[in-house]
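You will see chain A twice below: alongside chain B first, and alongside chain C after that.
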Partner chain A sequence: MATYGGWTGKTLRVDLTTRTSTVESTLDKYKDFWGGTGMGYKVLWDEVPASTKPFDPENRLIFGWGPLTGTGAPCGGRTCITSISPQHTKNAVASGHMGGHFSAEAKFAGWDGIIIQGKASTPVYLAIRDDDVQIVECAEHSSAGGKLWGSGIYATTDAIVKQMGGSCQVAAIGQAGENLVVQSVIMTGYSHSAGGQGSIMGAKNLKAIGIVGTGAVQISADKKEWRSLIDNAMALIGSNNQAVVPNSPQPWSEYTSNARWYAAKGKYWGAANPPVETGICDPHDRQSVGLRCFKSDPGKFAEQFTVRMDGCHSCPVRCHQALDVPTAKKWGVKSTATNTCTGWWGRGVMDNNKVIAGLSKQEADLKNLESYVVGKHMTDDLGLHNNYGTTERGWKFIYGTDKGVTWIQPNVPADEWTTLNKAGGVFDLYEKGDLNFIKEFGRLMAGQVGELGKFLAGSVDPAIDAWHNAAGDPMGPVYRADNSVMYWSNGYPKHHSPENGGDVGSLINTGYNRDAQNHSWSNYLSCGLPTEVQRSIADYEFERNGYPAGMGAAIDPNNTCSPMNPAKARAAKWAQARKELMDSTGLCNWMWPWIASPLKERGYRGDISLESKLFSLATGRTMNTLEFDLEGERFYTLQRALTIRSFGSMDMRNLHDQLPAWALVGNHPGKVAFDGSNYYTTPEDWDLALDLYYAELGYDKATGAPTRATYEKLGLKFVADELETAHLLP
Partner chain B sequence: MDGMQQRMDTTRDEVTGVRVEHEDAQGAKVDEMSAQAPEMEPEVARFGVKEAAELIRAESRAGGLTDPAAIAKEPFSFDDEELAEAMEALDHDEAYADIVRTADERSGAEYLHSTTFLTVAYAKLAIRARADDPAYLIAQTVRENSEIYPKPTSLEFFQFEPFGLKAEDVLTYVKAILADEAYKDIRTVTVTNGMDYLYSDKFLSAGQAQAMAQWVEVDMHLDCNK
Partner chain C sequence: MAEHEILLPVGVDVEAEIQSGGLSRRTFVGTMGVAGATVFGLSMFSGVQSLSAMTKTPILMDAKGVLLHDASRCVGCRRCEMACTEFNDGAASSYLSRIKVNRNLAASSGVNDDYEVVADTCKQCPHPVPCAEACPKGAIRADAKTGARIVDETLCVGCGVCAVACPWAVITVNPTTHKSTKCTLCDGNPECVRACPTGALKFVKWRDLRLTTKPVQPGIMADPFTSAYCAPCHT
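This part shows the complex of A and B:
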C-alpha cells in the first residue's frame, strides 16, 4: 500500500528551446500548491515575470490534473491548462480546461503534470511513452493532409495515434493555434477543447502532445475502503450539472424540472442500432446512470440522430452527444459529429432565420442540424475558440442589420470590402443561409485573413477599441453596453454570472480573469429542486461541514437577484475555492460538488465532504472539508496575487472587480431591482457585495487586495514579501 | 415528427436519417407504449394480500396506479370481507409500508401504489390525467408548480406522460382556461422565442414568471450559460 498515493511523484518539464526534458519531484516542489491550478499558479509565480507576454518563450504552459485522476473517482477526466492569457487585455493568468482521456493516460504514463517552456526553433510535437519523452520534428511526420504542421486537429490526431498506437491520447492545436489566433483551443479526443490557450502552443512551435501510459495509479487507501467511498459517491450522483430532478414527470420522482436529466420512456438514442430507450432511470439503478443526461443541444429533432451519448474518463454521466446526420455530407463534412454545450458553437455564426427561410419544417430542422455538424467540424478541426459565445455574438454585432456598413466597412480596406460583398462571397453566403458560410468564417478567422479575420481572431478589447464607425466613434463603448453581446470585462463574456445567483454569480465571475468556468454554485441553482428545499439542504449540508449557519440565504433562483447578505459572500468564496480544487484534483466542475442528490430518502441531500474524503483516502493526507476548502482558497488567492502583479496595481476593486453597465438596474428603464423579475443590481448593492466578499476572503476593503495576514494564513508569506517590495501590498 | 416521443414503430430513413412511422402487419398503427400491468401467472391456488402487494408494486414499477377494485377481481376474487381485511393489512402491516392510497382531489376515489416506485406527487398527476378534465389538470398543475418550486409551466409539459396531451389540444384547453372564471388566477407569459408559459398569480407575479420562463426556455441554452 502506497504511503502517499494519488500522485505519481513525477512532473515533466520540457524546454523546447534547448529541446531537453527533466523530471521534477511533484511532492518536493508542489506539495502545498498541488494539481492543475495549484501547480500552475505556483509555476507562473516563481518563474514567469510580470512583464512576460503570452507568446514569449519565457511564458509557461502548464498541463495539470490531480491526485484523483486515473483512480476511478467519478467524473475525474479533466485537464487544466494554465498560462498567461493572450485573450486577457492585460495578459493576466487564466486556465483552459478539457475533458476526455488525456489526463488519465498521462497518469498511467507516470506524470502528475507537464510544464512547457521555451520555444522550439522549428515545429515539433512531444511523443511521450511512459518515461520516454521525445521531441519530434513535425517535418519528420506526414499526415493525411500533408505535413503535420499545417494540418487540422483531426489529421494531426489521426497521424500521431497511428504512429504511437491505438491507446495514445493526443492534445493538439489546429491551424488557428499555429497562426497565433488568440481565440483558439487545444483539443483532445476530437471534441474536448481547452479554450484560449491554443495560440500559446503555436507560439512555442508545439503542435501536439501524444501520450501513452502503461502503468497504473497507486493510491494510499485500502482498496475496499476506496471502493466503498466510490460506491457512496455513485449512490449520490445525479445527472449533468448536478441535475437531481428529471426533466419530465417520472414515477420515482417527487419533482420535475428543467434540469439536465432528460431520459424518459419513449426517448431514444434514435440512430443507435437498435435504438436505445433512455427510459425511467430510477436513481437507485446504477446501470442506467449513463442514460440520464441525453442532453440534445440541437433540440428534440436531433434525438433521432443520436447514436449514443459520449464523455470523459471515469464519468458515468455522458454529456457529449454523438450524432449521425447523413445529409450533412453534402456540405463536405463527415456525417458523424460529437460535442456538447458551447462546443457546437459553429452553427451560432449563422442567422437562423436566413438558414431556414423558405423551407418546410422538416427541411428546416434538418438544415439546422446540418449546421451543427458543419460548425463542429469547422471549429474543432481548425481549433477555433468562441470565447463562450463572444465570437458569434460579436460577429452578429458587427454585421448588424445593415450588412456591416456601420461597423465593418469603415475598418477594412476597400478591396477587402469588395471581396466580402461579392457574389458568392462571405456576406452573400450569410444572406442566403448557405452553410458554406461557416467554413468561410472559419477560414477567415483561423487564417486571420484581412482586417475582418484579424478582428475575429484577436483579443476582444484591443479589437473593439480599435474599430470605429464612419464618423470615427469607437466601437468599444457601444459594444460593451450592448446587452446582446453579453460582454463582461477584459475581453471575456459573462458565464454563470448574475443570471445564476445574482450577486453570488457576479462575484464568482468577477474574481477570475476570464469567464469563470465555475459551476460550483450555478449547478446547484439549476439542480431542479424547489427553492426552499435548496435553501434547507444548503443550510444543513454546509453547517454539518463546519460552515457558519444559514448558507441557504445565499440562494437566488436563476434570473433573479435579491440584496446582498453575508451568506452570499461565503457562497462565492466557497464556489471559487471548490472550482480551484476541482481543477487541482482532476475532477470535473461541470459535475462536482454535490450539494444535492436525487435520493428522496436523504431529503435530497448530497455530500460536500466527498471530495475531501476522496482526496484523503487517495493520498493518505487526511483533510476535513474545511481544511480541504482552505487549500482551494490558497490557490485562488495565489491567482489573485498573480493578477495584482500583472496589473501592476493592487486596486482590484476599481480595475478588476467592477460590473459591466448592463448588470446595473439603472441602465434598464422600467426595471426595479430585487423584485424577482430580473437579475440586475444597484451600485450600492454591488459596493456592499464587494465589502462583504473582501471581508470574507481577508482582502483589504479599499483595494480588494489580500492583506499580509491573509497571505500568511494561507502559507503565502513569500507572495506578501514580494508584493510588498513592489508596493502592491495593502 | 416531433422528437417528444420516438416510437419503436418507426424506421430510420437511410437518406435523411429522419425516423418514419410504419404500419404493423395488419395495417393498424402500433399503439404507443403505455404502462401495462404484467400478466401474472398463478403459481399458487389462492391469491392473498401478499400477492396483491406484488401486483401493486409491479404496476407502480411500470408507472401505473392500482384501482382497489382490481383486487376484488380475478385472480384474487376477494369478497367484501376479504377485501376489507386485505386493505387493512396493506394500510397497517409493516411489510406493506410502501403501499399507500392517494385520492383524487375532487372525487375522493383512491388508488393504490408503492412509493418505492411511484411517488405520491406523481400519483396525483396521474390521477388528474385519469379524470378526463384537461382544463382542471392543466390549471391545478400550474398552480402547484407556481406554489411549490415556484416556477411557471410550459405548455409542452402537458405532452409528457402521464398526461400525453397533443400540442394543439393543449392550446385549446388553455384558451378555455383563460376564459373561465374558476381559473382566473391562471395567466400566461410569452418568452422571447415565442413560447408561452402558464403561472398562477396567487403565487407568482408576472415579472417573476417572465424571468423564470425566460431562463428555462432561452437563457439557460445560450452559449454563455452552458
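This part shows the complex of A and C:
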C-alpha cells in the first residue's frame, strides 16, 4: 500500500455500547470511498441495514473530513457528518455540515474520521488527545450551567475546553439534541452547526467530542511545489460564495454587482480596536483577501458593531460576522455573537413589523440588531436547527393571520391553548414584538413542550400530516403547496433550487434527502459577472478540462428558467459530484469550485482543476479533473443507492425526484414559463430534465435508478449485486 | 551557590530596565504576578557543563526585524500557522507552528468573548535572550543575515529547556525530529506575514515587544547581578 500525504491513515471507531474504541486503516478500508461523505456512505452501506432507525444504537454517526483538512488549502475547515436522517420520512441518508476548527484538530490528532456506533448506558463525552481516546462520564463533570448533560452548548464547550486545554476543539449538542428534538444540531466553536443530527447524538447518550492534536498533516509534494499551488489558489480566490465582482464601484473593477464582496473605502469593522477599514481590496493585494467579504446580514447598521469577521480553519474569506451589541444584554444574553446567513435564524421567527412597531428608526435598527444576537444565542446554545428556514416559515404559516386559530388551536389541548394565549405567554410576546418570544419559542421547541413544542421539534412530514384544521382537513397538502413556506419534499425545504439556475438548481436540490447544501453551481450564478461573460467562461473552462463543449448553455441567470437542455444535465451532475468531493476533501462547498476569478487579465476565469491539483499534491495520489470528478460521481451514486435501499423502491422518478407544486408555473396565475420573468417550469420540461439528467448519470430512464453498468463503471458492483437480490436494480 | 545554579524569573531580569527608570518595578512585577525574586532549583540541569567550560557567553546582537501582530485585524484563520509549517517543514501543524494562534482561539470566542485573537510570536528578544541563555548546548544563535534567534540543529539535543525558558512559550520541541523549533523569520521574508489575508501580521524593524506582550509562563533567566555567568560584563 502506497504511503500518501494528506490522510493520516487512521480512522477511529468508537462503540459506545461496549465503551471501546478501535483504529482502522483509512486507506485499507476506504481508499475508494474516502472522506467525508465517501466514507460515510460506505459505512452506512456496509453496516446499517435499511430497517435501522436513526435513534437505534446500530445507526452510525460518521464524522468525516478529508485529506486537505488541516492544511493550508484555502477554505478547508469543514466537517461532514453522515447518518440516516431523523428528518426524512424514510430515514434516508443525509449529511450535516459544520465549519470551524474541529476537523483540523482531528487531523492534527491523527484521525481521518470518527465512526460512532452503539449507545452509551449513561451520558458520556469523548475526550481525544492524539491517539488517547477516553469515554468520560458526563456525571463526573459539571459546567457553568450545572450538570454537563442538561447544559447548553456554550457551557458544555467551555467546560470541556477547561478540561482539555485552550487548543481543544469541541463538537457538542445542547438540550435540544438531548431531548431528541429532530430539528437539532451538532455544533462546534460556539457558532458552526451541522444541521439535523443533534438528536442522533442525543439518542446515543453522547454529549460531545473534545479533541486536541499535536501532530502534523504531511504534504506529499515538494514544499516549493505546494507553496506555488497555494499561491496560485490565493491568486484566483474571490470573496464569499465565489463572488468575484465587488458590491460597489471599485477602481480596479469594470463591473459591480450584488455579489458578496462588500469591502469599500469608508466601510469599517466599526467595533474593532481601532476600527479596521475594509477598503478597496484590489484582487492582487493578498493582505486584503480577508477584508473583502464583510457580509453584514443585519444590514449596514451592524457595521459599527462588527468587531471582525470570523469563520473556519484555513479560510481567508471569513463569512461569519462577529458582532458586539452591548444593549443586547438586556435580553439576558451575551452582547457578542457571531454567525452567518441562516445561522442567525432565531430572529426569523419574529414578525419584524411587530418588533419595530412604534419605534424610531434608530431604536428599530438597534432592536432589530438585538434580535439577531438573541436569536443566535437561543438557537446556538440550545442547539436547534432551522431546517434552512422551514421552522420560521412553518411557524408563520401555523400562526397565520388569525393567531393560530386555524392551524394551532385544533391541534393542542384546551389547557395548552389557554397557556399559549395568556398575558405574557408566547403569543402575547409575539404580538408585542418582545424579543423574549425568541427565548420562549426556543424553550418550547428544545423541550418539546406541549403539542406545539412537539410539532416544531419533530420531523416535518409526520407533523404536518397529523395536524388539521377545525373541520378535520389535514394541514399537509395546504402546507406543501403554500408559496411562502417553500417546502420541497420529504420534510425538507428548498436551498438553491429553481431560483438559482432553473432546472439545474431543481435537479441539484432534488438529488439529496435534505436541502442540498450544494453551492457548486449557485455560487457561479451569483458571482457577479454578467451572464454572457459567465457563459463564455464556462464554455472555455469546462472544455479545457475535458468536458463536452458548450457548458455555458447550462446557465440560467438567477430567478429565471429556460427550457431544459443537455448542458444543464451535465452541470447538475458536475455540481453534485463536486459537492461530494468538497465534503470528502474537507474543502468548503460554500466557496469551491472556482469557475470564475476576480482577475480581469484572465478574463475572470478561475480554475476548476484546482481541487484535483491540491488533492494530488497533498496526497501524492495523482488525479486529473475528470478522474477526480469520477470519484465524486461514485460517492453520489452510492448515496443514490442508499436512498433506493431506504425507500425499498427504485422508483426515484416518482417517489423522490418530483418538484413541489409551487415550482410549477401552472400554480402561479398570470405567469408564463421561460419568459425570463420567473423561475418556474412545466411538468413536461421537468420530465425532460429528469430524462436528460438520468441519461447523463447512467441511470434508468423510467425509474432514475442507477443501472448495473453504471454501478460497475463506478466500482460499485457490490452495490448492484445486493440491490439485484432485493429487486431494486433496473 | 554554584555559578550555574542561580536562575530567577524573568521579572527580575529586567532589573536593568528598572534601574534606568524605563519601567516601574511594581508595574512589571505586577504583570508577571511575581511578588519577588524566587530561586529555582537546578536539578534539571545536572547534565549542564560548567559555564566556564562554555566557549562563549551568548550575547546576541539585536535582530534586525520582528513580527508584529495586530489583534484588531486578526480573523483567526490560522493561515499563518499553515504557511509556517507547510512551507518550512512540508507538513501542516498548529502545534509545531512558530506562530501560535490555535491555543488562543477558545479564549477569543468562549471564555473572553471579546473576539480578540492574539497570535503568540517570537519577540526575537534582545540580550539576555531567555532561550539562548537557557540552552545548555549553546544551540541558539543569531542568524548572520537577519539576527533572528535560530536553533542550530547540529547542536540541539531536544532537551526542551528553551521551551520552558521562553516567557511566551513560542518554542516547541518537534516530537518527530526531537529538535527545538522556533521562529527563524524565514530568512527575512516571513511566510506567515505573506500568508496573512488581512495584514494583521507585519514584519517590522526590530522593536522591543517584550514589555507590551503579556508572558504566558514564568520562563527562566539568569540574574545578571548575581550570576557568575553574567559577571564578565555585569560586575
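By definition in this document, the second predicted complex is superposed on the first by the 727 of 730 C-alpha atoms of A that agree within 3 Å, B and C clash if a C-alpha of one lies under 4 Å from a C-alpha of the other, contacts with A are read in each partner's own complex, and residues count from 1 in each chain.
Criterion: contacts are C-beta pairs under 8 Å (C-beta built on N, C-alpha and C of every residue); 3 or more make two chains touch, one makes a residue touch a chain.
This structure is a prediction, so every number in the text was calculated from the model and none was measured.
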item: Chain B versus chain C as contact partner of A:Asp324, first or second or both or neither; value: both
item: Chain B versus chain C as contact partner of A:Gly70, first or second or both or neither; value: second
item: First, second, both or neither for A:Ala235, with chain B first and chain C second; value: neither
item: First, second, both or neither for A:Glu254, with chain B first and chain C second; value: first
item: Partner chain(s) touched by A:Phe108 [first = chain B, second = chain C, both, neither]; value: second
item: Contacts of A:Thr342 with chain B and chain C, given as first, second, both or neither; value: first
item: Partner chain in contact with A:Leu359 - chain B first, chain C second, else both or neither; value: neither
item: On chain A, positions contacted by chain B and by chain C; value: 324
item: Of all residues in chain B, those that touch chain A in their complex; value: 2-8, 12, 14-19, 32-33, 60-61, 63, 117-122, 125, 148-150, 157, 160-163, 205-208, 210-212, 214-216, 219-226
item: In the complex with chain B, residue positions of chain A that touch it; value: 248-256, 258, 264-268, 270-271, 275, 277, 280, 282, 296-297, 299-305, 324-327, 341-342, 345, 348, 362, 366, 386, 388-389, 392, 486, 493-496, 499-500, 515, 526, 530-531, 557-560, 600, 675-679
item: Parts of chain A lying in touch with chain C, wherever the complex brings them together; value: 70-72, 74, 101, 104-105, 107-108, 154, 157-158, 161, 165-168, 189-191, 213-219, 222-223, 226-227, 230, 234, 272-274, 276, 286-291, 307-311, 313-316, 318, 322, 324, 334, 336, 338
item: Residue ranges of chain C touching chain A (in the complex, touch as defined); value: 72-79, 82-83, 85-96, 102-107, 109-111, 113-116, 175-176, 194-199
